[in-house]
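In what follows, chain A forms one complex with chain B and a second complex with chain C.
So, the complex of A and B:
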């Protein structure tokens, strides 16, 4: 038991060292800092989805909507309300979380395919709103004309706008904060009821867990995290894209989670890293980059049903 | 039997599924500390009856009172919160979690922590103790770290009963606890149920096919046939009942 715990600590330390040092080894390896930032942000999104998919056992195929809402919430705040990065983040998180909470009430009564279908439908509603409401959202062109603002701590300013490394560390800080909360919840009595629902919904119900209410809470929390990721993504690009709400984007998140390993807390981050790096590399070689990512996805699902991380763990054990 | 001493009072419940009447006008009172067995041929409506008691679906008509209060319209989790726990004919467990983790979820719900995003040391210690006591009661204390899905069938049944017990119920509903078991396992589970009844004085309603078990354990037996209550009484009364013999026992006993 204690060797198991030491092993876990070592792995955890390794993950954080890799993440903290990323800007220093990414560039010599032919990458660039912004690529690492995108891995973090999309990784957070995939992990937020997996909070629901991997730990509550319900598949949302419309989570890009809350990602996009986070992005538009942040972008609109910066553009029209206040030139403040923290405020923009909070606005994005709240917009996504509140919309998730409201729609979640309608969604959580469904299960399986029907759950997925309803999440797609509601997701597409937001996509079309962003697409059509050009005067506010910029329509098909996306929301432009805003940029992330330096963090003002009074005594000094932390420039995250022009300094890519600073921005990476800021995103890493946000990422760590979100993951800390997520991990904390998963280790709590509430988190264990989520796992109970994933493992056996009927048993959970007959242990006195109001399953729909617990799924709704998990769904809402997952939307808040998703909004956080989306808000950060708007800051990465200084741009919010309506395609960020589209269900194909939701599919990408599901792909990242499943490819990385949805039964593992860190799996979706690995999935996101593989996805983002492959996309970055392959899209400079061929316009058909998605075929290769898709092929990899099919191979992983066929041969490593527990995802890349699940496979790595199994072969070590 | 005076009114308040009844844990469960079922009055004229009927359940229809379209044209099929699965349970027809059945009444049953269960006194505190009593063990009632429900028997009957396949398709007699035993499990449907259990599902009505535990709130899996509502009855078409009739009323169910639990600890003196009407629960006819309550959802399953609300009935559990009031002290009702059940097991299933086909074991319902969390196969990929350990024995300890399975029972801990039940103990945490019973402790009122299910919505809590944290748990402090004192509370966790209390839960821990509750889990260990329960596992001892069902003789699983040496298998706490095993995955439930990897246990033998009999141990899985015991784990399911442990989860029900960790809820600290006033009423325990056991749906065919010895289903699919060999003689040895049947004996062990029977001993466990006897202990729960005699020593821990649980109020128990169970569905059972194994007549040795039923006549051995129960204070009272109810015979269901085609959704109707054919007879109820002490094991001796049921064994001597001619209608029951003709309809059911004649072939089994």
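So, the complex of A and C:
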């Protein structure tokens, strides 16, 4: 085994050890378990966006819509259809993925800033639907009146409702599952093609790759993952918020990906961790946290455009 | 019923006029510099609050003249310091930066002026109705539309006949060639940015007179302006003009028959336009990619 491979394995092992042990060191360090759960879920969302942004090179600035659709899909299922956590997750994933697939067809023919603009505008459609259709979605107040259900394996029950640690491990399991699928896709010929499109779209086209179709598939897949994260988020809070669909939430996701490092698979998770902890801290000490978050955006763009991981890797080289 | 219809169509046209002012500025900056200016609504707020702050000293008319250029100067400074370093980079970065800037402006305004809405004093005769029959049309609304018409006409004259305007249009088509011809492209981008921000400042003053001031007043106008640009066709300023008026009237008309959908209808229009004519109503082939 080459040293490079050993190094990669060590890093990978370290990441998972940190994630698995998080509930045990989070609390002594002054955090709380739910904060770790939130980092995982928003990290998954940022990584799903980065699947498109960092690996296909297409900027979607409306991905919060699919995150929110996942949350509402899960919430509505729990509230009106069936008290089953796995079913709620599946419903959220399907709702987000199918909507993404349909709208993706309208969106993929555009590139660059125009792609971004159309994704923002379409994302807002779902925000308005959630906002206006109060009888179903609770409107401005958000969707309440549901809660995640204990997992029933027949022989025994796994209580994720009242036990925060159990719930964290359940989310970690879902997170690992999603990441496994994502990593598998990125390693497949399809994933390599995505990267080829990112590096040189014209060349990929000349090689006979149907670029539009590939971008559409990548967009749709990323919406499915986003829906998964959104559905988990509804379970975290037992609540679905219309602001989770708003384009400012999309901006937060893009920020997490950029701040952590877009070109790195794990970058967005690091970005999400920094962003969530910072926001949690700032909103507890100042009412003007919005300015600080805005300032963070400006500073990262001007001074750390490659993100934390990009910065570390370059300074080492 | 006719009155209700007329009321909503007029409303739609007036709202549409605002969308047009905002969207034209956004469109100018987008076409030449490839920057989606998320802070455009923020500059509208700055324009409005500057007008609010100076009205006690120089009156409404003075504020109307002075506030937009002041906003444009702030815009110039922002462009010079924050946006210029990003021109060579992925458009993602300017988008994120202006997005953060919008946060700072909104929160900063709240910090300085408070979260409460502020009323803007306008000359008394402007707030009267034109006639009893058409009670909903105040002189101020007519005045706003007149200002928008003048501003848009001047903008098109500027772009059509002046050296700066011709250079801006040429730069939109092919910036590299324009640079190769010895024109200072940085300067061109700055001036173009300033013109766009001037329009945002102007809409801020006008909006303040009609609706009063709030730190969040710009955010709500941003999305419809995006849609006006997409519907009208990216890259086409006349398209943006038509798009803004069209979605204004459409949402006004929907308010008559199905009030809950008056916000959603503009998104539906966008989807329909993108389905049938992906480049937008006035867009040219190839401008979208």
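Keep in mind that, in the parts below, the second predicted complex is superposed on the first by the 314 of 317 C-alpha atoms of A that agree within 3 Å, B and C clash if a C-alpha of one lies under 4 Å from a C-alpha of the other, contacts with A are read in each partner's own complex, and residues count from 1 in each chain.
Everything that follows uses one rule, which is that a contact is a pair of C-beta atoms (placed from the backbone, for glycine too) under 8 Å apart; a residue touches a chain by one contact, two chains touch by 3 or more.
If you're wondering where the values come from, they're calculated on a predicted model, not measured in any experiment.
In the superposition on chain A, A:301 makes contact with chain C only, not with chain B.
Once the two complexes are overlaid on the shared chain, A:122 sits against chain C while remaining clear of chain B.
Looking at the shared chain after the overlay, A:190 reaches chain B, while chain C stays out of its contact range. Touch criterion met: A:199 reaches chain B, while chain C stays clear of it. Of the two partner chains, neither chain B nor chain C is touched by A:80. For chain A, the partner that touches more of its residues is C, with chain B and chain C as the two candidates. In the superposed model, A:207 lies in contact with chain B only, and not with chain C. With both structures placed on the common chain, the touch criterion links A:109 to chain C but leaves chain B unconnected. Of the two partner chains placed by superposition, A:25 touches none, neither chain B nor chain C. Residues 53, 59, 61, 106, 109-114, 116-118, 120-122, 124-125, 128-129, 132, 247-248, 251, 254-255, 258, 288, 290-291, 293-298, 300-302, 305 of chain A are the ones touching chain C in the complex.
Against chain B, in their complex, chain A makes its touches with residues 184-185, 188-193, 195-196, 199-200, 202-211, 214, 217. Residues 54, 75-77, 80-81, 85-86, 88, 92-97, 101, 104-106, 108-110, 113-119, 163, 167 of chain B are the ones that touch chain A when the two sit in their complex. Those residues of chain C whose C-beta lies close enough to touch chain A in the complex are 30, 34-36, 38, 82, 85-86, 89-97, 99-104, 106-108, 111, 223, 226-227, 229-230, 234, 260-261, 263-264, 267, 270-271, 274-275, 278, 288-289.
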